[in-house]
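Take a look at these structures.
What follows is chain A paired twice: with chain B in the first complex and chain C in the second.
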Partner chain A sequence: MNQLLQGLFDGVALGAQYSVIVVGFVVIYRATGIINFAQGGFVLIGAYVTYNISQTWGWNFYLALLMSMLVTAAISIVMQRILLQWVLREVVGMALWLVLWALLYFNGWGHAPAVAVSLLVGLVGFGVTRRIEQHRGSGQARELPIFGSIMVTIGLLYVIKQVVPSIWGFAELNMGDPWGLNVTRVGGLVLSHAKLWTIGLTVTALVAFFAVNRYTKIGVAMRATHFDHEAAVAQGISLKVVFAVAFGIAGAVAALAGTTAGAGIAQLTTNLDLIVFLAFPAMILGGFDSPGGAVLGGIIIGVVQNLTKVYQPEWDLNWLGVGFDRVTVYIVMLIVLMIRPYGLFGTREVHRV
Partner chain B sequence: MSGPWKDLKVRYQDDLRLFGSPTLRLGLVALVLAYLFIPVWWETFPVTRLIEGWGLTMTTLNYVGIFAIGALGLNLLTGYTGQVSLGHSVFVGVGAYFAAYAGATWDLPFWLWLPGATLLGFAVGVLIGPFALRLRGNYLVVVTLGLVFVGDHVFRNWRSVTGGNAGVSVSKAPLEVGPIDFRDLTLFGHGFEKEQGFFWLIWGFVAITALLVKNIVRTRPGRALQAVRDRDIAAEIIGIDLFRYKTMAFAISSAIAAMAGGLYGTLQAYVSPIDFGLGIAIQYIAIIILGGLGTVHGSIIGALFVGALPRVIDGLAKDFDIPAVGGDKGGSGGILSVSSLNQIIFGLLIAGFLLLEPRGIAGIWARVKAYFKAWPFSY
Partner chain C sequence: MNQPAVATEAADPILSIQNIEVVYNDVILVLRGVSLEVAEGEIVTLLGANGAGKTTLLRAVTGLLEVHRGSITKGTVSFLGRRTNFDDPSRLVRSGLAQVMEGRRIFAELSVEENLRAGAYTVRSRQAANEAHERVISLFPVLAERARSTAGYLSGGEQQMLAIGRALMASPRLLLLDEPSLGLAPLLVQQFRDIIRDINAQGTSVLLVEQNATMALSIADRAYVMESGRIVREGTGAELMADDDIREFYLGVGEAGRRSFRDVKTYRRRKRWST
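This part shows the complex of A and B:
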């Protein structure tokens, strides 16, 4: 009994991390119709930014977490505007800035002058492109096929996965969380503080998200956008704002998931983004466009994965191999999909002929 | 004088012809000559020696050939039938492990184990196909992603066949066709290196596979597949059996992938699970995106591009001092290693091509061709 309860607790803590990642997926999917594979990259960025602020700069951990959520949200929004909406002026400005910075910095310029000069040139490029676009009247965002956008986010993931270690290195790092290895024992159960906090922070974030989605104006705008892009625009909703908010929320929750995943016993490594590939089944399970389903799917996947890990040796299933818990997750997903092709709570697609 | 009107196709037979124009026939002759003489001349001919200096060796060309075969299979499925698969590398792995097992344990000859691997890939594809029938779009992407993880788990844990994490040797799989052994080739009393033998073997299969795929897509089944891609409900209404064609597309695609896998195993002489992970699956998708979705020659051009680019960058990084990039073996104070630079360029290329030229290199080629076809008129 104790073993089962312990397995359930650990599973829920794991599932909470999945849930919060999946909410990020679902928000983006509802707004834009894209599956954002780069979410793994943002998990990585969020975790390392938290590490940097709390360990290198020595700030309070919770403050660092909050800052990291903001920073990651900002990066996520910028990436979305550059790569998925393809706003030319931002692409040109960004490219000029980065290339010029690299040229100056590696030709012996100091840090500050290189950044200042390249930033200035980048801004000028941004402005000039904007003027040209206004002049020619072609400031339109490009439309990509769905499969195309998925591949673009995969490309982004490749880039982030290389850039992060080039800044912070490959070594395992200590996140600097105040929980460490502390545990509380409740009648035979071992409740690790990191896991309790994970559940607590996740619930807080999810409640905040659902409140925003339900009661605020931007939440209504997001739901309207999901329902029908054109009708939403006709009502005066700005798609740009909705997309930006969706990617911002996704970036923030990714930072939360990354930080909690790298805290406690687990160390901060550059493989942290792999957690996202286990969140995909959770998303499928709940249905692509249902935030409630995302939470439930995440918890189910977390519990299934953890119980497999607990009971595999006990039921003489060791011949199935190490890491079989990661496969069961996909098997559960397949079974659910065969019965309900749109997940547990997903909207059934209606195909007009 | 030939004018633009000469190229207009007025009969169905003209449309079906593979090498219909004199230019294309000349191109065919050039390709055949290149196929025959590249292995002989690669290290002596000045131009190819220069290319080899950039890091594009015979071995790289052989890998490119294998990528091309696998990409042809994936293009049939993704480019022509519209079913996105992130699990292509698993089928490649199935073929490679079959080659290892059949060669070492059953000691099958070449003309038995290669078709065997292909058949096994076909069978696995038939099993996976029905899943694809029930799912569409994004759901299919994630399910095929799951296939990669399940496949990886099987490769790592079915130790008696796959050798687990350490992998298994494929060097026992024989490569003899009658008196010709491609590993240790002797023709007209002249001995050839292993790479040269492999070049003839692999690029021969590239030609056969390309012809096969081209024949599928230019005839009735191919038109059915493209109809499924463009609008599956409409396709069903005009009488296309969705179950049959989607399953067939999966099966043929994975059969081709398994064949590529068998050749990959023998070329590398050793395979382990990291050769068939998600990265490789994405690489195959990158090949067909860069080359051009829904084109046969695009798969091969894309393979050349994706296969050769890392080697060329490696080669260039040795000769030139690229800012911010240090050598892999602890070069002078860069913030990136050459392999990270490769990955970054790879990612940027995928994103960049999709944003700027969604039809890939084949699209650029088609535009250049169209321009000269109508020359001197602009349209």
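This part shows the complex of A and C:
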């Protein structure tokens, strides 16, 4: 009994991290119709920025976390503006950017300077095409092109995965969280402080998000945009603002997930973004466009994964392999999809017109 | 809040479209040199068969062409004396232009109240939003009764009221209406006609796109008829009402045996809704 409860608790704490990551995916998907594959990169950035602020600069950890959420949100918004709104739309700018980056990189430049220089040149190219485009509307009412944005966000993920270690190195780092190895024992249960805080902070963030989405003007605008993007534009809702808010929220929750995932017993490594691979099944489970489904999907995946870890040795199933907990997650996802092809809470048509 | 339009300079058009051409996807020429004006305080109606380009004309005014990969390749659109060819929709709404789109396009998953809030997105001051809300409610009391219902569960007539109410939340100087009578019972059409007249009387200029010519001409100060992307007739409501061709094709009172445009319309409609 205790073992089950323990497994559930640890699973929920793990699932909480997936939940916020999935909320990030879902928010962007709902607003823009694209999947932001760079989300893992923002998890990484968020974790390292928290590390930097709390360890290198010596700030209070919670303040560092808050700052990191803001900083990551800002980076996410800026990246969205540059890559998805500008570069994507201006073919010349994007081509210049990619070609130059490749040229510089393969000629022995470091990642950071290669990215910086090529980005600059790409922006100039963008400016030129922009002049030409001026005659053809402001680009503010159009949706993001789906295919191009997949390429660009995957590209961005790879760039981030290079840039982060080039700044902070590959070594395992200590996040500097006040939780460390501390635990509280209740009955036979071992409640690690890191996990308790993970759950607490996640719940706070989710409540804040749902309140914004439900009650504020921008929340109404985001839901309206999701339902009918043209009709939203017709009301004067600015897609620029809606996109920015969505990417901002996604960036902030990514930082929260990254920080909690790298804290406690876990160490901060540059592989932290891999957590996203388990957030994907959670998103599919929840149904892609439902924030509530995102939370539930995340928790289910976390619990399933953790219970597998607990019971696999117990039931003599070690022959299934070390990483089997990551497989059960996908099995559960497949089973749910067989029964409910649109996920637990998904709306039927996933494609918008 | 916008000042009610007292027609001080009736000569000064609130909306002026000069000789515009609109192209979709860089190749499909849909409007071929259209000019149209709406003076302050007027109700102007635009008639035309399916596919004539009426909705396209409205999109050219509201900045929504971009959503459909269309663009104005020639001519100018000016709203309140300012050239607005390349304005984005949110700026246009803020400057006093609101629209009721074809097919209502309410946010069916949102509540009635939230739909109205979405309509007031560009309104900065809370007081202005509240005033607009009161005006909308006095026009459509049912929207207050159903404030918390999911908009998708409203009846067709109520949804149209919501669509108009949502547009009015921005307190527009000019209201564009794209076939508001579509799919409404005759009695309701009369009711909406009166409502449009009321809205106009309260100081909002109206550009009304309609296929129901009887209804539209009965309240219009002036009217235009569009065919294959061109304006082919223009005049006062009474003039067009008396015009033989108009009577035949749009009012369905032509010589017996000749097919009226209305038959064509019902057929095309069904086809459109099913896709």
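We take it that the second predicted complex is superposed on the first by the 290 of 353 C-alpha atoms of A that agree within 3 Å, B and C clash if a C-alpha of one lies under 4 Å from a C-alpha of the other, contacts with A are read in each partner's own complex, and residues count from 1 in each chain.
As a convention for this text, a contact is a pair of C-beta atoms (placed from the backbone, for glycine too) under 8 Å apart; a residue touches a chain by one contact, two chains touch by 3 or more.
Here the structure is a predicted model, which is why all the values come from computation and not from measurement.
Contact with chain C, but none with chain B, is seen for A:Q235 once the two complexes are overlaid on the shared chain. Contacts of A:W315 after superposition on the shared chain: neither chain B nor chain C is touched.
Once the two complexes are overlaid on the shared chain, A:R326 sits against chain B while remaining clear of chain C.
When the two complexes are overlaid on their common chain A, residue A:W57 makes contact with neither chain B nor chain C. When the two structures are aligned on the shared chain, A:L83 is found in touch with chain B, with no touch to chain C.
Taking chain A as the reference, the larger set of touched residues comes from B, when chain B and chain C are compared.
Of the two partner chains placed around the shared chain by superposition, chain B is the only one that A:L103 touches, whereas chain C remains out of contact.
By the touch criterion defined above, A:S166 lies against chain B but remains apart from chain C after alignment on the C-alpha atoms of chain A.
When the two structures are aligned on the shared chain, A:A224 is found in touch with chain C, with no touch to chain B.
With the contact threshold set out at the top, residues 142 of chain A are in contact with chain B in one structure and with chain C in the other. Against chain A, in their complex, chain C makes its touches with residues 62-67, 69, 71, 86-90, 92-94, 99, 101, 105-110, 114-115, 117-119, 121-122, 166, 170. Chain A makes touch with chain C in their complex at residues 134-143, 217, 220-221, 223-224, 227-238.
Interface residues of chain B facing chain A in the complex, by the touch rule stated above, are 84, 131, 134-139, 141-143, 145-146, 149-150, 153, 156-157, 233-234, 237, 278, 282, 285-286, 289, 323-324, 335-336, 340-341, 343-344, 346-352, 354-355, 358. By the touch rule above, chain A contacts chain B in their complex via residues 29, 35, 83, 86, 102-103, 105-107, 142, 144-152, 154-159, 161-163, 165-167, 277, 280-281, 283-284, 288, 320-324, 326-327, 330-331, 333-334, 337-338, 341-342, 349, 351, 353.
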